[in-house]
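One structure is given here, and the rest of the page talks about it.
Letters A, B, C, D, E and F mark the chains as written, and numbering starts fresh at 1 in each.
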Amino acid sequence: MNTLALTAGRLNVGDAGVTAVLGYAVVFFGLVLLMCVIMIMGKAMASSGKKADTKAPAAAAPAPAAPAAPSAPPAPGSAGEIKLFDVPDKEAAMIMAIVADQMGKPLNELRFKSIKEVK
Amino acid sequence: MNILETLSKLATESGFAGFFAAGGWKNLIMIAIACVLLYLGIGKKFEPLLLVGIAFGVLLTNIPGAGLYHMGMWDAYVYECAYDPVNDYALYNTAQERAYDEMEMNYYIVARASGHTTEQIEDYFEQQAGADVTNDFLALYATCDQNAANDLAGKLKGSLSFTDIIHLGGLLDILYIGVKAGVYPCLIFMGVGAMTDFGPMIARPSSMLMGAAAQLGVFFAFFGACLLGFAGNVAASIGIIGGADGPTAIYLTTKLAPAFLGPIAIAAYSYMALIPMIQKPLMRALTTEKERKVKMEQARNVSKVEKIIFPIVVSVFVILLIPSTAPLIGCLMFGNLLRETGVTERLSDTAQNALMNIVTLFLGISVGATTVAARFLSLQTLMIVGLGVIAFMFSTIGGLLMGKIMYKVSGGKINPLIGSAGVSAVPMAARVSQDVGRESNPNNFLLMHAMGPNVAGVIGSAIAAGFLLARFGG
Amino acid sequence: MNILETLSKLATESGFAGFFAAGGWKNLIMIAIACVLLYLGIGKKFEPLLLVGIAFGVLLTNIPGAGLYHMGMWDAYVYECAYDPVNDYALYNTAQERAYDEMEMNYYIVARASGHTTEQIEDYFEQQAGADVTNDFLALYATCDQNAANDLAGKLKGSLSFTDIIHLGGLLDILYIGVKAGVYPCLIFMGVGAMTDFGPMIARPSSMLMGAAAQLGVFFAFFGACLLGFAGNVAASIGIIGGADGPTAIYLTTKLAPAFLGPIAIAAYSYMALIPMIQKPLMRALTTEKERKVKMEQARNVSKVEKIIFPIVVSVFVILLIPSTAPLIGCLMFGNLLRETGVTERLSDTAQNALMNIVTLFLGISVGATTVAARFLSLQTLMIVGLGVIAFMFSTIGGLLMGKIMYKVSGGKINPLIGSAGVSAVPMAARVSQDVGRESNPNNFLLMHAMGPNVAGVIGSAIAAGFLLARFGG
Amino acid sequence: MNTLALTAGRLNVGDAGVTAVLGYAVVFFGLVLLMCVIMIMGKAMASSGKKADTKAPAAAAPAPAAPAAPSAPPAPGSAGEIKLFDVPDKEAAMIMAIVADQMGKPLNELRFKSIKEVK
Amino acid sequence: MNILETLSKLATESGFAGFFAAGGWKNLIMIAIACVLLYLGIGKKFEPLLLVGIAFGVLLTNIPGAGLYHMGMWDAYVYECAYDPVNDYALYNTAQERAYDEMEMNYYIVARASGHTTEQIEDYFEQQAGADVTNDFLALYATCDQNAANDLAGKLKGSLSFTDIIHLGGLLDILYIGVKAGVYPCLIFMGVGAMTDFGPMIARPSSMLMGAAAQLGVFFAFFGACLLGFAGNVAASIGIIGGADGPTAIYLTTKLAPAFLGPIAIAAYSYMALIPMIQKPLMRALTTEKERKVKMEQARNVSKVEKIIFPIVVSVFVILLIPSTAPLIGCLMFGNLLRETGVTERLSDTAQNALMNIVTLFLGISVGATTVAARFLSLQTLMIVGLGVIAFMFSTIGGLLMGKIMYKVSGGKINPLIGSAGVSAVPMAARVSQDVGRESNPNNFLLMHAMGPNVAGVIGSAIAAGFLLARFGG
Amino acid sequence: MNTLALTAGRLNVGDAGVTAVLGYAVVFFGLVLLMCVIMIMGKAMASSGKKADTKAPAAAAPAPAAPAAPSAPPAPGSAGEIKLFDVPDKEAAMIMAIVADQMGKPLNELRFKSIKEVK
């Protein structure tokens, strides 16, 4: 016979408390586990990255640009920034500088939808 | 059909007549609420991309007679979900057994049409323990609203499925299927992943502690809701408001307590827009001037390879730990992977633009449509609204306290203000950290540092949702 | 399977063989019609975004053997709709009653397979009034095309649903589900709303009178179709061609007379492209030189707030008045709201581009696919084409006459030429007003003034569709 | 017994006529009702707008631009114009003027897909 | 539920536990394979738009407990497809017959749950030839895994449909419906059509001979697969890898051998990326230096009208010849028509961008999800991988040999290197022709000439797929 | 009785061989048929095209531009080029020339997402 169980039913105070504490602990457990994994990954990267040291600055170059636009990071559920560069940085910077100069506005106040060149 | 007959049919079918029906005034109130929500979305810019859609859904669903969304149909669908054909079916070897089961469903139908609650009916069946209910059914059928019973019967008799909803339902019923199936929130999470830079969190993995601590409100509000008498599944859905993550809240609520989707979604998105008002006083109260002045060191650069490996590693470990997070974490990380590979820009762009916008359109208006007056205007909605703000406050407090602990442990290198950003609500909570930090030290740029806990909070909420789903889900 | 057998199978299954089957020559005619439509769409630029898709659908559906669309499957689906399980089901308490009903359906199946019309079968059942039809069924079954009966049986036996169509149908059957469920026309209307500026109509609300008057053709053609012997639901669908609004026509026809979707959609989009040729002679004939020379005053500016409130107000009042307009008006106004808020540009952009284009692709080709030769090549199609042009003409006349009345009432301030723009067909009809106005007075700019009646005509047609749906719909 | 009602059936001349006239009347009724509502809304706006009078010209500024592009209004079911401005009017106008000047074309013949700046 | 109980439930439900279950180590291998595929897609840029999605699907589906894709559910679905309600149903006039048939299904269920293969069950039924299987059923039921049987029963009892999959399935089950229904590959082909310029082929129609010859590998690998013991339908799906056309391979495999979709799709996309490595040695070995040095004449210009007429003509003739190609060729040519008309740019743009990207997202991840460890890690997958490379090699050889014939026939005007481009894999194979040509003659530009066979190969593969579908399909 | 036919069954060597040869032949037959149709169409075009001879060069103009970007043709299943022109060639060329000049890059290395003007 089917039980027609529509509601999971109320929890008593004890069960509710245990569930809440346990849930919070599981969240911590999950993120601490992840933290450890990421740390190990980071260390592995760092040690293997010493050979590729010359490459790193180039790869990391876009990062310092980000703080220049402090209000720019994308919001989930709301409009996000479109990727700034699809062309080598130098050319993109050049185009942006030209436009910014003609508009008399600082670079970080302009949003370029996309600058693309044929690869 | 003569002219008078047609005119009278038009008049009785018009929605104006609906306002004078029993409970019709509630629709007027709901239309007013829709207008308030539209004002908040458009005028006050409260998460407009979702709130405008939700508000318009509230409006459309509460115009009497519009027929774009059918609460009863989805209730029937819910019932059928609760009914377990997998376990029951193999037992029927004879037509008699099947007929018996049908009688039980007949009884359920007429009992509901007679105004009995599901709980009462359940109790009745438990007493009967499998006995024949035919006579009781016939007695009840003689007295119930037979039109209502017939209507319910047609919907319940083992036949109501998504395909019936496409067939019998209104436009918003059809769009709602994507919510019900859990597809829209996952696709939005894919877009969120494609828009999110997890770099700041990878650079400082300890951010994740704050992202975990800032789920405090989820479990505090859950506990509170249990105390107020909500069933466990509903309390879990209310608690998740404290995760400050719209798609996660909608996903969990759809799975656990779909009847409360409207108020929970509205509370989640409204409070997300109110983050500055909720968080700033708490941040000022719980931190000292000295703590707030801490300038943090620039975090290390994160290489492209790390950013590519990150979503893969997170998917594997988080899903292994809590398998029920798979849809949310899987989509979030898939989107993030598409963002970081450097060779799938087309897909990343579509995930965060065309696809996400289409899904946002459908999600907003169909979630709004669930706020049918008869159900929305209740004490429970008020309690949800109240518990929601408590959830947000305690999540903020949780994050701040963890920030203070880390300030101590790190010897003053970590500014506790970034802890409150752990509630997610990306990137608003991080901006609030930045703003409050500059109040104490105008040269303090906390934004990038706060992005770490901020994006960790998204993962934290998904884990919390996964836990609650594993605990209270089917 | 030896080589000869396989070769012969390939030959008999090839579409070339299909041309030599009974009625195969009709497919050749349909392919020729598809080429003509492609020429009109591509060469003459007749609403190419829809007509090219429709024409390609006509082509694909009429290549013998292609199997992309199955008319019979949708006929079966239609039948099942007419069958009313909600009202019937609760009466069955015994297996006998159910078996009896099945017998009745069996009778229907073999009768159809024997070539009886639905009307004949209906008459038969009315005579029998519930008697057992088993013997008649067996007699009929002995003589009918049993393969056809079995085929029909599998489809009708309470099992044909959207999910069966996905399973059994071809690609265009699957895409057609979105038409059948009424989703595509509504989503296109959302895009139309996002592209439409209702400002000119808000600035001069009296435009709406012309938008109403220009629905004359809808009801005139409906009346004409009734006189020609079309059933009420079909006549209503034919009449709506006069609304000059593609999505409205497709929506209404899908709900009332899906078997006629092909010719009605083709007529609607073709005549829309012919608006200048249809309207200009009527405009010149019905107005005087003096009337045409009238220069209208600049309308007032409409504030952003008014434009935001407008879609909300229209939704509430129009849907309250005619609830059956809810899907069309709701979507139109939701799209318009997204356009005007200023904070939902992402969604407005998607509604009018990515989403609308995707839906247009699917709508066009699947509507075209309904034009199966055996049904399309009939006297009725010719009558629909004829009634369509009459509908357009009378809508134009209605708008012009209202324009002339308003010219009188306003003391010559309103140019009656803008009345004809009330047929909607945005913005072509408004351009025609502009062109004819400049013929008489080269300095006359009527375009912006004509946009008022033009967009009012969209709302007018939706109301007309809602009325017809309320009158003839399930 | 189910009636197998597939067709709504033919209407006689009287019914058809009555339905047609009634339908036309309902359309008028609906649009006249809407007209009244819009008129009342307009009046309410106008009276409340007198305080906000200084704001109005700014808000209405984009409107006069429209008549400059007489063939531009969007067609339902066909391509529509993409919003012209996402940046303050002045800057947008400046960019447009520069491009138009360089192209030697009048402004209203160019379509700018979007000009965006970071808000 | 006390704390220990909950903790133990969490632990046993966690995916980590899954690795220690029977066969759990296979999941680890699959996760490693997913990482290799991700490396190929991201690091080596092997068709990343699809391979990254497929690889992530492989990852997600093989995390124990994730529950995003249910192989068993789709197996049940496959079973139900084989069951033919259309032909069987009309024979049942009594409840007894239906009950009997149900008993047969019950028997099938418990037999499957007892580990019998479908073949064994089939044989059994053939022996019984319609006799009552009740007793055998009851005997078997007493000994089988009754939970598995009940589970299977709920899914098989005439009720498992797409709507059940939406209801019971995980996210990737739901997205997979679009693959199963054959919709995604067709929509991708629409985008491919909108991106393809058939001009070079129209300019030199003899290219088509090379496009046809380069299907050699399809049939060679099919023959090989038959010899290795694969059933005809599976062999056909393996052969189509040689068509070097992802959507075609996925479409055909979904229709003929869905259980093998994962390995076939992965092989198809991987080898496509390996085209240079596979083709160059063969091209150098099979052609002479003199042949490779041939400079080809500029082909004639193709007018816009020809390009518009081309897709219409191809649709009509190819579909007439092999009706089962209709979905693929119809969509390819519809997309191409939208590209060439000059008046449907909006739709062409959407077909090749927003729509194609959305479908690519869904297709990749859900195809990847079919690679469930228990089935993927088998000798058959290795054989498929081996046969796939043979298919690519023989397709290349076929194209080159035809190129050599045409070199002879044309008196040395045609460079045989463009023959290998007939395998499609647009435009990579054409680039390979270009590269090898320049090795021998640095001033030789073969790319545009190779595009002719290249796009002809797409049509050729679609025809091959149509033939195999007609031969082995339902 | 339903046959539970799940597999199409194995083929013997003869059947497999016949099917393979026949399939290859059908592909040839299909493409040869198409080749003939396209050839006939081409001839018909050529003869009818002699009148419209003056139009042809204009229509064919974009074609020679293609070989200038030899790596550009779109890949099915991968990123494709977006249409280069929505404005008359002359204006587009002018804009492109200006930008290319300012960037100091040859034209065929730039990808213009779209240049549109109001028609």
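We adopt the following convention: a residue touches a chain if its C-beta (ideal position, glycine included) is under 8 Å from a C-beta of that chain, and two chains touch if they have at least 3 such contacts.
Everything numeric in this text was worked out from a predicted model, so none of it was measured.
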item	value
Per Cα centroids, the chain farthest from chain D	E
Pair joined by more contacting C-beta pairs (C-D or A-E)	C-D
Approximate Å spacing (C-alpha centroids) for the pair chain A, chain B	23
CA centroid of chain D to CA centroid of chain E, Å	47
Gap in Å, rounded to a whole number, between the CA centres of chain D and chain A	39
Chain centre separation (chain C, chain F; CA means) in Å	34
Where chain F touches two or more other chains at once, by residue number	15, 19, 22, 26, 71, 79, 81, 113
Shared interface positions of chain C, touching two or more other chains	6, 10, 49, 95, 161-163, 321-322, 345-346, 349, 353-354, 360, 467, 471
Footprint of chain C on chain D - complex, ascending	1-11, 13, 15-17, 19-24, 26-35, 37-39, 41-42, 45, 49, 56, 59-60, 63, 66-67, 70-71, 73-83, 86
Contacting residues of chain C [partner chain E, same complex]	6, 9-10, 13-16, 18, 31, 35, 38, 41-42, 45, 48-49, 52-53, 56, 59-60, 63-68, 95, 99, 106, 109, 146, 149-151, 153-155, 157, 159, 161-164, 166-167, 170-171, 174-175, 353-354, 357-358, 360-361, 365
Residues of chain F that touch chain C when the two form their complex	15, 18-19, 22, 26
Parts of chain C lying in touch with chain D, wherever the complex brings them together	47, 49-50, 78-79, 82-84, 88, 101, 104, 108, 118-119, 121-122, 125-126, 129-130, 188, 191-192, 194-197, 199, 201-202, 205-206, 208-209, 211-213, 215-216, 218-220, 222-223, 226-227, 229-233, 235, 245-247, 269, 301-306, 309-310, 313-314, 317-318, 321-322, 345, 348-349, 352-353, 360, 424, 426-428, 430-431, 434, 445, 447-448, 451, 456, 458-460, 463-464, 467-468, 471-472
Sites on chain B touched by chain E in the complex	81, 85-87, 89-90, 93, 95, 161-163, 177, 181-183, 186, 190, 308, 312, 315-316, 319-324, 326-327, 330-331, 334, 337-338, 341-344, 346-347, 349-351, 354-355, 467, 470-471
